[in-house]
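By written order: A, B, C and D. Residues from 1 in each chain.
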Amino acid sequence: MHSLTFDVAHLLAGTMLVLSFLLLYQDRVTAVLNVFALQACTLALSVAWQSVAQNAPHLIVTAMVALAVKGFFIPAALHRIVRRLEIHREIEQVLGGGPTMLTGLGLVALSILLVQPVGEGAGIIVREDLAFALAIVLLGMLMMITRRNAVTQIVGFMSLENGLILAATGAKGMPLVVEFSVAFSILIAFIVFGVFVFRIRERFDTVDVSALDSFRGERTEHT
Amino acid sequence: MAVVVGLCCVAAFFAVALLALVRGPFGTAFVYGACGAIALAGLAVGARALADGATSAITLPIGLALLGGHFRIDALSAFFLVVVNLGGAVTSLYALGYGRHEAAPLRVLPFYPAFLAAMNLVVMADDAFVFLLSWELMSLVSWAIVLAHHREPANLRAAYIYLVMASFGTLALLLCFGLLAGAEGGYAFDAMRAAHPAAFAVELAVILALIGAGSKAGVVPLHVWLPLAHPAAPSHVSALLSGVMTKVGIYGFVRIVFDLVGAPAPWNGLVVLVLGGVTATLGVLYALMQHDLKRLLAYHTVENIGIIFIGLGLALAFRSNGMALAAALALTAALFHVLNHSLFKSLLFFGAGAVLAATGERDMERLGGLIHRMPHTAVVFLIGCAAISALPPLNGFVSEWLTFQAILVSPLLPQWGLKLTVPAVGALLALSAALAAACFVKAFGVTFLGRPRTAAAARAGEVDRFSRAAMFVLAALCVLAGVLPGFVIDALAPVAQQFAGGVMPKQSIQPWLSIVPIGESRSSYNGLIIFAFMIASGTLTAFAVHRFATRATRRSAIWDCGFPLDAPQTQYTASSFAMPIRRVFGSVVFGVHERVDMPPPGATRAGHFAVRVIDPAWRWGYGPLARGVAAAALRLNQLQFLTIRRYLTLVFCALIILLIVVAAWR
Amino acid sequence: MAMILELALQGAQMLLVVAIAPLVLGVTRKVKARLLARIGPPVIQPYRDIWKLMHKEAVFAHNASWLYRGAPYCIFAVTWVAAALIPTYATGLLFSWSADLIAIVALLGTARFALALAGMDVGTAFGGLGASREMMIASLAEPAMLLIVFTVALVAGTTQLSAIASLFATGSQGLRVSLGLAVFALMFVGIAENARIPIDNPATHLELTMVHEAMVLEYSGRHLAMIEFAAALKLVLYFSLIACLFVPFGMAAGQKTAAALALGLAVWLAKIFALAALLPVGETSVAKMRVFRYPVFLGGAFAAGALAVFLLFVSRGY
Amino acid sequence: MSAVLDLPAVQILLLIPAVAVPVLALVTDYRLGSLLNVVACALSFAAGLALLVVPRARSELIIVDDFNIFFVVLTTFVGLTTSVFSATYIAHEIEIGRITPAFLRFYHAMFQAMMGAMNVALVANNVGLMWVGVEVATLSTVMMVGIYRTPEAIEAAWKYFILGSVGIGLAFFGTILVYLTAQEVLGEGLGAMAWDTLAHNAARFDPRMMSLAFVFLLVGYGTKVGLAPFHAWLPDAHAEGPTPISAVLSGLLLNVALYALLRFKMVLAANPATLDVGAIMMTLGLVSLVFAAFMLYRRRDIKRLFAYSSIEHMGVATFAFGIGGPLADFAGLLHMTMHSLTKSAIFFAVGHVAQVKGTQRIADIGGLSVTHPVLAVGFALGVIAIAGLPPFGIFASEFILVSSTFARAPLLAVLLIGGLLLALGALVLRLQDIVFGPPKGPKAGVKASFVPLFVHLALVLVAGLWLPGEVVRWFRAVAALLG
């Protein structure tokens, strides 16, 4: 039983990591959104499995929230934005695909290096999950900083947050997990709402964040 | 209990400062009158404490939370209380008249008493926190006064440089005290005296004290703020800044180096000595190049500070070699010069203020002939000039003579470095004394003698009686201290006993009241007899001439070797007076740029001559520094304009670095 | 009784220096003239000049101030005091200890200060020119002078002139290179201070060269007399300074018997006139310098003084 | 929540905002709204004061100990003064139509939400609950930074939001790690997230795990503290938001975030085997100090200027806690307190200055001492205090910090005074530009409430000359806890 528990958790977490790499690899917004939805669903599955493994029923709520909000609602919303703004053409990356991949691999190595020696006392599940979660967090952040497009940046942040939820649910019997996951969903909702705000305002007819800098003061005077 | 009374004086000063904020009844007259009275009280306190040589201390529950506020008056504090409050009292008297010229009194009145209070506090402080607090407060309020005439951009710049340099000095002293207090924070001076720091710590502390207190006193190359800030303030405050506040800087140095750090090595004395010599020479050379009267005086303060530091360096060297008597001599000379300089520099700044009030001019090249329009001011200013030029029988000579006597003892020092350096420093001292005479021949000659160069100078009138009274008091003190120096030396004996471990022979019992540094067989000087001789022979001569020769006189036009030009512009100006010395030293000491535009023969346009003198401290020191900071700021400023993504990249990289640190940490 | 004698001796010295000063000047002029193959004025000519000036009315400019009128007396008085304090024919006079070598140099500084101010009082180009040059020369001479003082004080262990004289008179110091350098330096300084060739030419009113004369240009009558007299006094002062520092032999020391005093007086006069005859020899053998060569000249004096000090350290092994 | 401590003071403290937020969201009249806001803040302050007398106590979620009561009092006090200032400030903003009453309801509600969230973060005994408090405080301030809806304001808010969210995420990861570490020793449940139990058992935790956790917490909460290079949101958020918000951001939010870091530092300090976090904090502190000092020179927006000065002072405090030891920790705590009082006072003054001159551009402000003497005095005193000049409190803290540091690590002290001197140079330069020289801009009188400004300055002045024994005792106790 234990081995099975471990294998499934391992499998799901691994899948999420692979999906993170896929996210890094994608160069079309729509594809990115789909991959992210897939990752969210995997997260939901993994959380559900954890609730079974730790027989902690409240985790089901977290799984449901993850599935509903990040699996369907937000990707759909982002799809609409993308269609509205006709930015489903490919998205310019700061770093080329190859270097990004290599960096990602390096990050995974680093996270394993960091987590591997720790937690001899900790349950085996914890350790594996932790390595994967850390890697997913770092990859999400990497995605945020290698994409110039606000939508993909949001997706990056959300995959980072997937990693967090994965770690939180992996932590055995952690209190308030449900509250935290809900809080995060609210946070993400705020971000999406923020994008809407930018879209609504005439000046920001693009969500390319770098376009905002022209509005910052101090650049002209202090040179 | 002297210290209690002293603190009461400080409290009274602060009270006056607060009252000055109230408009209406508490105007100029009230503030300066009250300050004068309080300063007299403080003077009495200092004099009493110095006379009976008793040390009084008190600890108040204010100050740094961890240790409370310690205050103490010993001989040194008492002497400097005398200097500070004497200056304060006379300045207040002067300001009773001069202060009326102030356009916006509220920009001076509240700060003036606070300034006096802060200086008194510094002298009485007995722990590092109170000391530095009042030290920096002193800078702060004087900064506010320097900004009294804040509409001239030059004054803004001066005030800015002043405050930044002052804070730099304070931070240096802070490091010094940190070193002396140790990691446990024994900030009370008693704790520092008790502690026995390592040798390198002592030497580092001496250097830091030299930087910190020296920047306040105006040691080259930390002097740059001084000639900017002192002239910018109203003249009576300039007198305080130059005559008194720099002395508080000296006090800080003496207190730290002679009292707190323990036993410095001889080479510390060497450093101080050489710095003093360089400061004296450069200070007077820069002074010679000025034609703004107040700036000339300010630069001259730098020279006198140098002379004082020569004395202090000698005292340090002698003391570290256990030559108590010589150390006492050198220390006495330095402190005597402290008193003298506070007297005649205040006097000279008063005179400059009187000229400014009467003519509205500070530029000597636009003055002249004032001896006819302002006879009293001319007399006292002349006395001040003679005193600061170290001419017998006035007080300036006595202290420099004592310094020379101390220099003459130096061959007994065991260290060869000192042996060979001291005579060179002595030569520098002689050079600066001679240049000072040149400088003040120029200052007095161009300002008061000759013919008025502008209408303003021609219309000038004598100043009010308060100002004149103050100046006459100081002039009288200059003569007195020059003719009867023995009493001052005796008054300084307890200080010498405390910090040099020896005393000079008692002077007031010497025959004919002459002063004897070491022994009469060695050297002695008698201002009284010299003075009497001069008077006698002068009157005798005058009598003889008028008795046996004609006393017929005739006024006529200027002869001037046969071709008189009656345009006042044909007189020698300040710049032309300084020209030979500029030519001699210019190439060595400072960058002089002379631009002569001589029209060809027959051309009718006017010729032009412009000379620019650049203080090397700016060219080699502060200029590059300021430019470096500006460049760095400009470069770093790019970080204000990154995109969110780039900022995220920064965060990400920092995170990765920290993670790698953790991964590498085993 | 002894007190009165002391006072008398001191007074006698004061009168002596005043009385002899013009004569010394006359001697130098005479010798110089002879060296230039002229007859030259009689040696008592300076007395006549002063007497004549005394009885001329003093003319001065409309804007001359009290300082202009007072300065000559001040200059004369101060120089006189200084000259009176230098041991001439006897050491250990009553007031000899009231000013040491440094103080005497400083007294001359006071006189110079007054003279320079007087030169600037009327407000002419010449006056300012003279004053500024005079002060520059002084500022170059002072350091050298201090090093001379330093050397002498190091050897004698005192700056008290009569003490130095009586010590050197014993000859216990032996012959020293340092002292030789010092006397060399002192002569240079003396030449500069007394406005002699090659620094200044007392016999010309050529604007390019004159220093001292430029300052007193406006003066006339008794004031001019005072100033000239003071100049002569200063010359005597330097002669007797050199004499008492470096050839202090024959001075009446300790017990002031009449014989000793007479001897001392005779020896002193001999020294003075010897120097007075020596000076023109030097003057006629060199040419007047350009103003901006002065630093070189006085730099030489300074170098000599510094060398004297250092050599002293070596030889004494302090 | 049952776990809430049954201390009436604490309950009131947490209850007031909960009530005030909906009420204020409903009140339409802005005068009434600001009045209620002041009342709510006053009540919170009273509750905070009450904490001083109640016995120390703990529950699963709430703790009242030496460390946090002082911060609660400070926070509620500055909240009160700020709400007073905000009343007059907002009135002016309404007059010139820069902000509409509708938004004002939102503003007041968010103000209370933020105050409440910060109090929660302070009294929380649970790392998770504290994390929630900081997050909510951040989000509510994000709302208020964007309230003027100018492009710059929106953009500042967006930047703040994104960077803040990332910080929140990383801090959360750190929190999870802490829990994982503790749970191995303490078992599952709230106990493994409670401060006191963590601190007691820290010695038994896995040091590597703790170090890893601290790195994430440092980056996460460090973003809120405004340490370089995580500072990017801070200057714009201060510059573009309403001035009362700038005041509470600088005066309170940064403090609360630093407080959180210190809590974790205490836990790590109890375990000698962990990574030397002191060195990391010293490095970050010095970097922030020097960087901010340089940045001060080229600021032309008066509020951005003082935002950077906040970064500088947070750097100083972080450095102090990093080097540690009784003296340095004492200095750090004193510095935090003095800075929050002084900086909020400065922002009160700056708010009025910007209002009377109608601009935030330093180049357009000049000769304030001629046109508005009282305001000029207040402003000048504030800047003098923040520049570390006597006789104000920051001088005292910097005195202790620099001197004790030099005795221990001379080179660091030299860097320290270098940064301080640079900052002072820039601040004095701007001070002279603004207060002195020929007057520029409008000369119209100012409808300002000087009370908060001068109360703060008076407190800072007194603290510079004399500290009450109670405060000293508290500082020492906390310094001992920090180790």
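Please note the rule applied: a contact is a pair of C-beta atoms (placed from the backbone, for glycine too) under 8 Å apart; a residue touches a chain by one contact, two chains touch by 3 or more.
None of these values were measured; they are calculated from a predicted model.
Where touching is counted per the definition, chain B and chain C have no chain in common. For chain D, the chain with the farthest CA centroid is C.
Ranked by how close its C-alpha mean sits to the mean of all protein C-alpha atoms, the top chain is B. Chain pair with the most C-beta contact pairs: B-C.
Centre-to-centre separation of chain A and chain D, using mean CA positions: 31 Å.
Inter-chain centre distance (chain B to chain D, centres taken as mean C-alpha positions): 44 Å. The distance from the centre of chain A to the centre of chain B, with each centre set as the mean of the Cα atoms, comes to 69 Å. Per-chain Cα centroids separate chain A from chain C by 99 Å.
Contact of a single residue of chain C with at least two other chains is seen at no position. Counting partner chains per residue, chain A has residues 114, 141, 144, 153, 209, 212, 216, 218, 222 touching two or more of them. Listed for chain B are residues 634, 637, 640, 644, 648, 655, 659, 662, each touching two or more other chains.
Chain contact topology: the protein chains form a pattern that is neither a line, a ring, a star nor a complete graph. Applying the touch criterion to all chain pairs gives A-B, A-D, B-C, B-D.
Partner chain B is touched in their complex by these residues of chain A: 94, 107, 110, 113-114, 138, 141-142, 144-145, 147-148, 153, 209-210, 212-213, 216, 218-219, 222-223.
On the side of chain A, the complex with chain D involves touching residues 114-115, 117-119, 121-122, 126, 130, 133-134, 137, 141, 144, 153, 157, 160-161, 163-164, 167-168, 171-176, 179-180, 183-184, 187, 190-191, 194, 197-198, 201, 203-204, 209, 212, 215-218, 221-222.
Contact residues on chain D toward chain B in their complex (touch as defined above): 158-159, 162-163, 166-167, 170, 208, 211-212, 215-216, 218-219, 223, 229-230, 232-233, 235, 275, 280, 291, 294-295, 297-298, 325, 327, 330, 369, 384, 389-391, 395-396, 399-400, 402-408, 410, 413-414, 417, 420-422, 424-425, 428-429, 432, 436-438, 464-467, 471-472, 475.
Here chain C touches chain B in the complex through residues 14, 54-67, 73-74, 76-78, 80-81, 84, 95, 97-100, 102-103, 106-107, 109-110, 112-113, 116-117, 120-129, 131-133, 135-136, 138-143, 145-147, 150, 153-154, 157-160, 163, 205, 207, 217-218, 221-222, 225-226, 291-292, 295, 302, 306, 309-310, 313, 316, 318, going by the rule given at the top. Against chain A, the residues of chain D that register as touching in their complex are 126, 128-129, 132, 135, 139, 151-152, 154-155, 158, 161-162, 165-166, 168-170, 172-173, 176-177, 179-180, 183-184, 188-190, 193, 206, 208-209, 212, 236, 239, 298-301, 304, 363.
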